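For clarity, chains are labelled A, B, C, D, E and F in written order, and residue numbers in each chain start from 1.
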Amino acid sequence: MKKGEVQLLDEQKRRHDGRAPNETRPISMKVGVLDRADGSALVEFGKTKVLAAVYGPREVHPRHLALPDRALLRVSYRMATFSTWERKRPTPSRREIELSMVIASALEPALFLEKYPKCAIDVFCLVIEADGGTRTTAINAASLALADAGIPMRGLVVAIAVGRVGDTIIVDLDEVEDNYAESDMPIAMLFPQEEITLLQMDGTMSPHLFEQALETARQVLRNVYSLQVKALKERALKARTKVVL
Amino acid sequence: MKKGEVQLLDEQKRRHDGRAPNETRPISMKVGVLDRADGSALVEFGKTKVLAAVYGPREVHPRHLALPDRALLRVSYRMATFSTWERKRPTPSRREIELSMVIASALEPALFLEKYPKCAIDVFCLVIEADGGTRTTAINAASLALADAGIPMRGLVVAIAVGRVGDTIIVDLDEVEDNYAESDMPIAMLFPQEEITLLQMDGTMSPHLFEQALETARQVLRNVYSLQVKALKERALKARTKVVL
Amino acid sequence: MKKGEVQLLDEQKRRHDGRAPNETRPISMKVGVLDRADGSALVEFGKTKVLAAVYGPREVHPRHLALPDRALLRVSYRMATFSTWERKRPTPSRREIELSMVIASALEPALFLEKYPKCAIDVFCLVIEADGGTRTTAINAASLALADAGIPMRGLVVAIAVGRVGDTIIVDLDEVEDNYAESDMPIAMLFPQEEITLLQMDGTMSPHLFEQALETARQVLRNVYSLQVKALKERALKARTKVVL
Amino acid sequence: MAEEERKIIPSIIKENILELLKEEKRIDGRKLFEFRKLRIIPGPIEKAEGSALVLLGNTKVLVGVKMSLGKPFPDTPNEGVLVVNAEFQPVASPYWELGPNEYAIELARVVDRAIRSSGMVALDELVIHPGELCWVINVDIYPIDDNGNLIDTALIGAVAALLTTRVPEIDFSSGKPQLKREEGKPLPIRDIPISCTFAKIGEQMVLDPNKQEECLMSARLTIAVNSANEICTIQKMKGGGFTIDDIIRAKDITIQKAKDLRREIQKQVAEKARGEEIWKEIREVLTS
Amino acid sequence: MAEEERKIIPSIIKENILELLKEEKRIDGRKLFEFRKLRIIPGPIEKAEGSALVLLGNTKVLVGVKMSLGKPFPDTPNEGVLVVNAEFQPVASPYWELGPNEYAIELARVVDRAIRSSGMVALDELVIHPGELCWVINVDIYPIDDNGNLIDTALIGAVAALLTTRVPEIDFSSGKPQLKREEGKPLPIRDIPISCTFAKIGEQMVLDPNKQEECLMSARLTIAVNSANEICTIQKMKGGGFTIDDIIRAKDITIQKAKDLRREIQKQVAEKARGEEIWKEIREVLTS
Amino acid sequence: MAEEERKIIPSIIKENILELLKEEKRIDGRKLFEFRKLRIIPGPIEKAEGSALVLLGNTKVLVGVKMSLGKPFPDTPNEGVLVVNAEFQPVASPYWELGPNEYAIELARVVDRAIRSSGMVALDELVIHPGELCWVINVDIYPIDDNGNLIDTALIGAVAALLTTRVPEIDFSSGKPQLKREEGKPLPIRDIPISCTFAKIGEQMVLDPNKQEECLMSARLTIAVNSANEICTIQKMKGGGFTIDDIIRAKDITIQKAKDLRREIQKQVAEKARGEEIWKEIREVLTS
């Protein structure tokens, strides 16, 4: 079976799981879920679950990797061996190595790296369960974990995938849609600036639909942004409550 | 064939090679067998033969591994490719990596690491032939090599395996017994303090037999300790003879 | 098929590609072929093509590899995956690792390493197409790239393989001859000193033919040396022309 | 525990811990031989045939079990294959780095030995064609928050994940055996090993050390027992020693603690929530 | 691009580049959206079934294609296998080191996606026995002189090498399938993907950045299109961002540039020299 | 030899060595072209099909040969497989580290070439089913005390181990071929290669350099010959050069030395002790 060979939309444009084309899966965002990390978050888009932990700014080891004029941002994106139907081997795949770089480049515009010369900011994303959209879920989790770590940020980095089924743009593709939709375009934006910090695409899309997809993504991302803000407020509230008690 | 499925004791409680339950194999200990090492020993328990070499206290490379308040004890336990019936692949196995750590933790109580901050003490154990009890043989060899290197020690670390065949405790298991006895418990003690510095167990043992096994081990280890002392005296004698000549 | 089983010389002592025993393949040497390297060369012996790039003297990373009293000469010899009939795996083979060392030892007598303590001189040889004689072609390319980098040299290192078919010495073996000749002896000499800086041999050769082979190699190498000198002059001319323009 | 981690304790807290221990008290209010609170959330990973999230106090470990088809080992043609592996991802600790880790190897091997020596999984029921085709059980341990005593937490996690594991049906219709993704029958289980890990701090021993106690311990001892109270695994680590009396005492306490802990694991695994409810629990537990 | 490389530009040149860009000029005289001169030398490697040396300005990439027999992937039993790999050998740059390189992985994966998404190679025609035997196409990319914009150069190189690739005849006579070394029939090709890579420098965007421009860029964007002008790959990298307007503009320029570039590639590949002539050209091109 | 090792010689000893060499004398009293004392203890490893401990002066190398069943290489379907490997374990030298070592690779490859070019092992007699099943001979070299000239010591060790090697009987009864552990018939041997390694120190050449001489040598040359006095392997290493006259002289000396050394090896291997006696000898030899 290949791209385009499975019917992903019915006549009413309902998706295989009942969603409307521009509807995301249920989203959950929890901040401050780990004790040892400086900042952490658990983000879920449907069955896709990602845990992120942030450390820093902190000393770089080995020392010669440190940059004289700014902080080193190190990002790792890894999938748990049991996160997929077929067990994933624990050694990092080429895909994981590339996505680690791509996620770093999505997060960097939000950070003031120049403020922390010779330091490192380390972001670790662990995909606990993979059901499509793991890189965008990881970016949302990493953004929240960075904020939770108290690292000054220009804004929050918010991410979602959009895709194409025939002439219809769908948002937040799950694994089945990832496999069979005609295209898949993960996108991240820095909010409130609405600057694009990650953009990738597989499959094919006409120039016209592409512009429509960008606009759809922008609308959905505004909602996801408000969810990130809400999750951070919840966390602040809880932290304050703890202090009061 | 599995644990318990081979008859390891006859009606007279003789073992498959004719030994009594609490009898060790022939033991040979030779100190100062290598020229380039600071200290060295060749220890044999029956066909199990282990060579140990010690270097240090010496500088640590790379420098950032050095500890500010004490010496770094680095131990490697490796089996020669031809030491087993099936050729062993030369890349270290998970077992070799774990045993290196376990042996380090067996030797450490004998050393004054705090006296050598920023230095390393390196212990290399090479199993030349493996016929059961390689880790305990390696500990005996390492203890002698450390002493031969002139490194101040609180005592000597002496090791043996004990195990269970039915309700009988046997000592110094060979390969056949390793494979088929109901349990295998390597144990190391610091002498003369009689402090346990290594203890592992596989298989099953009742609480009662366990206490009996510990006591049997202690008795046997006292003998092995005296063999270590004897080997060091032989070495000292020879060294003195050489100087006199 | 094994060494000696293919007829490599006809009755007129013509080789399978029509060459005389002491005739090399067409040789091309081009210096200064890369922009980013400090020095570079492309050398071809028939279909065997090697690209060499040189950097340095430059800082050593990591720092602890630097030598206090002289420059570190680092040589890598690598074959492109598509340089052979069977695709070569990109991880370096044991052969590539050994040849990197052997080539370094061939080049070193030409260099004043003691003049650049704590620095590195890096030589990278990439075999683009392999048709016999890749190590000697790489040495010729490396020698020219070192000179092109402006690194002071005692002389040029010139290399060729000689071999034996029956009682006949042949020079510059191609792949077929490499596989089926009774012996293969790569040799490098520092010119004009005519000091041997690389010598290896596979197969068998009588003491008498061996002396004859050395002498034949010396004669051929004198020609190859003049080709290296010519290539460097061409390069100097072009560089001067560029400056003038 | 990485070497550098020893240094993280301020000396005032260190003094405090040592003083309290002299009176047989602990800094977190526990008795010397008392476990931290255990919470097991079974079955969170839908794509794994078995899984569990375990919290022992603030120490958190996620374990997944994947079932696949493979070849028996040549020396055990009539048994399925069990592989225990631990991945130390730096989410769990500021002192961990990416890449292979010798402490992860030790953890995995101790958990493996406890499962194997206790005979927990009936490997002889997991052969399909002797010497040719059998089940391969991959138990993968991911610590996600290292607040001390990973070994006991990981063994509980592995046990709980195995207790939730389903063996898929096999579809032989295409010639090549294929797994069906629907629920299968439970993994055949024969026993449940329980481990107790002790830290020696000064002259005292404590059960289930937290991270601060681990930073001060001179030696560590793990004893595991099966349900017949037979000892089935021991592991001593770290640079100090134990007396024979220490060891016998630790063995007695282990036997005494194991029964309740085994019952607690079984109870919490049996109370498995369904679907979305599982994750509701997890969110609550992680943010409370 | 390695991190240290950012520092190589003298600040006077940096100022110069930024000043010129304000007037929509570039330091090498190009317009903002102009490619450097393209030179393709098809077929230099006799032992590879396909190959090309590509020069985009001073950036030079050598690509070889090796055809071998293998097994289809289990999830695509009716397709041949395509593997794209890049080796960053230090011949190409003083900032590269021996050994695996994450930038090489990214380069290979972007080229792979562009070839795959465009459907360039008719993989469905490359199966011999479904599920059992198929062609494996190894595309290996070796940059040999990194003067900026390796991605576009590498994609052109991969495309050109694939266009020259011959599928060998198979000799089944010995039981085991063996490849014949004589020329075979051309690889079945369905489309040609073209990529355009943009650098954002200050507020400006430029096409096909040279090395100096890469050192100043805050962000990088690659868009690839197929011959129907559909977008088939996008990759954004580096630590800055783009506005939606930037992206739409880049998309429009890509579509506008792609047609000519595709024609140029086809033309230069078609003009393939023979034997010794190829290397004469290479020697000339590399020393001029 | 690791680079740092060059520095270990006190300059007074260095001067001394150089002065003596001017008078054609050596620091350990040997003549320029004299080997150190050779002692071979054949067969110490019971679980290896062949083995030998070799002492050349104070340089000690242990070599084991393991025989197993495998597949011939595709290009030599009618030959068994011979694999020579060297492991540089740090027991042998304070300058060696754990892990792969390029000097070990060189050592193994030179020994491999000498064995192969001399035709020592009749590989064509070691095929069981052409193209399908053959003997695989693993020769593993472990230096245990590096006091100079590992190459000659290792080749003697490999030769001696191969001379003691027994080819096990194969039991085909179970379908799968299994090796019987009892003694088999000797490995078919056709020749014995002998190498001589020369160090160039100043203007002099010496045979069989000890560690101090290795630290001073500018270049190293190894020549191996077969029993017909044909040269069968050469290896030049280290950063200096040789004149053609040096090389011819080294060749002549090698031929002159080889005969005696070959006979000595055969004699010592033939005097193989049995069982416990072997280790008695080893203990004596290592502590004397």
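To be clear about the criterion, contacts are C-beta pairs under 8 Å (C-beta built on N, C-alpha and C of every residue); 3 or more make two chains touch, one makes a residue touch a chain.
These numbers were taken from a predicted model, which means no experiment stands behind them.
Asker: Smallest number of touch links from chain E to reach chain F?
Answerer: So the least number of steps between the two chains is 2.
Asker: Can you give the shortest number of steps from chain C to chain D, where adjacent chains in the path must touch?
Answerer: Graph distance in the chain contact network comes out at 2.
Asker: Measuring between Cα centroids, what's the chain most distant from chain E?
Answerer: B
Asker: Could you give the separation in Å between the centres of chain A and chain F, each centre being the mean of its C-alpha atoms?
Answerer: Here the centre of chain F sits 58 Å away from the centre of chain A.
Asker: Could you give the separation in Å between the centres of chain D and chain E, each centre being the mean of its C-alpha atoms?
Answerer: That pair's centroid distance is 49 Å.
Asker: Can you tell me which residues of chain F touch two or more of the remaining chains?
Answerer: none
Asker: Note the residues in chain A that touch 2 or more other chains, in rising order.
Answerer: 62 - these are the residues of chain A that touch more than one other chain.
Asker: For this entry, which pairs of chains touch?
Answerer: Chain-chain contacts present: A-B, A-C, A-D, A-E, B-C, B-D, B-F, C-E, C-F.
Asker: Can you name the residues of chain B that touch chain A in the complex?
Answerer: Residue positions touching the partner: 62, 64.
Asker: Can you list the residues on chain C that touch chain F in the complex?
Answerer: 2, 67, 73, 94-95, 97-98, 100-102, 104-105, 108-109, 113, 183, 185, 190, 193-207, 210-211, 214-215, 218
Asker: Can you tell me which positions in chain E touch chain A when the two form their complex?
Answerer: 3, 76, 102, 105-106, 108-109, 113, 117-118, 219, 221, 226, 228-244, 246-248, 251-252, 255
Asker: Going by the contact rule set out above, which residues of chain A touch chain B in the complex?
Answerer: Against chain B, chain A makes touches at 61-63.
Asker: Spell out the residues on chain F that touch chain B in their complex, using ranges where they run on.
Answerer: Contacts found on chain F: 44-48, 51, 58, 60, 62, 64-66, 68, 85, 87, 89-94, 98, 138, 140, 142, 144-147, 181, 279, 282-283, 286-287.
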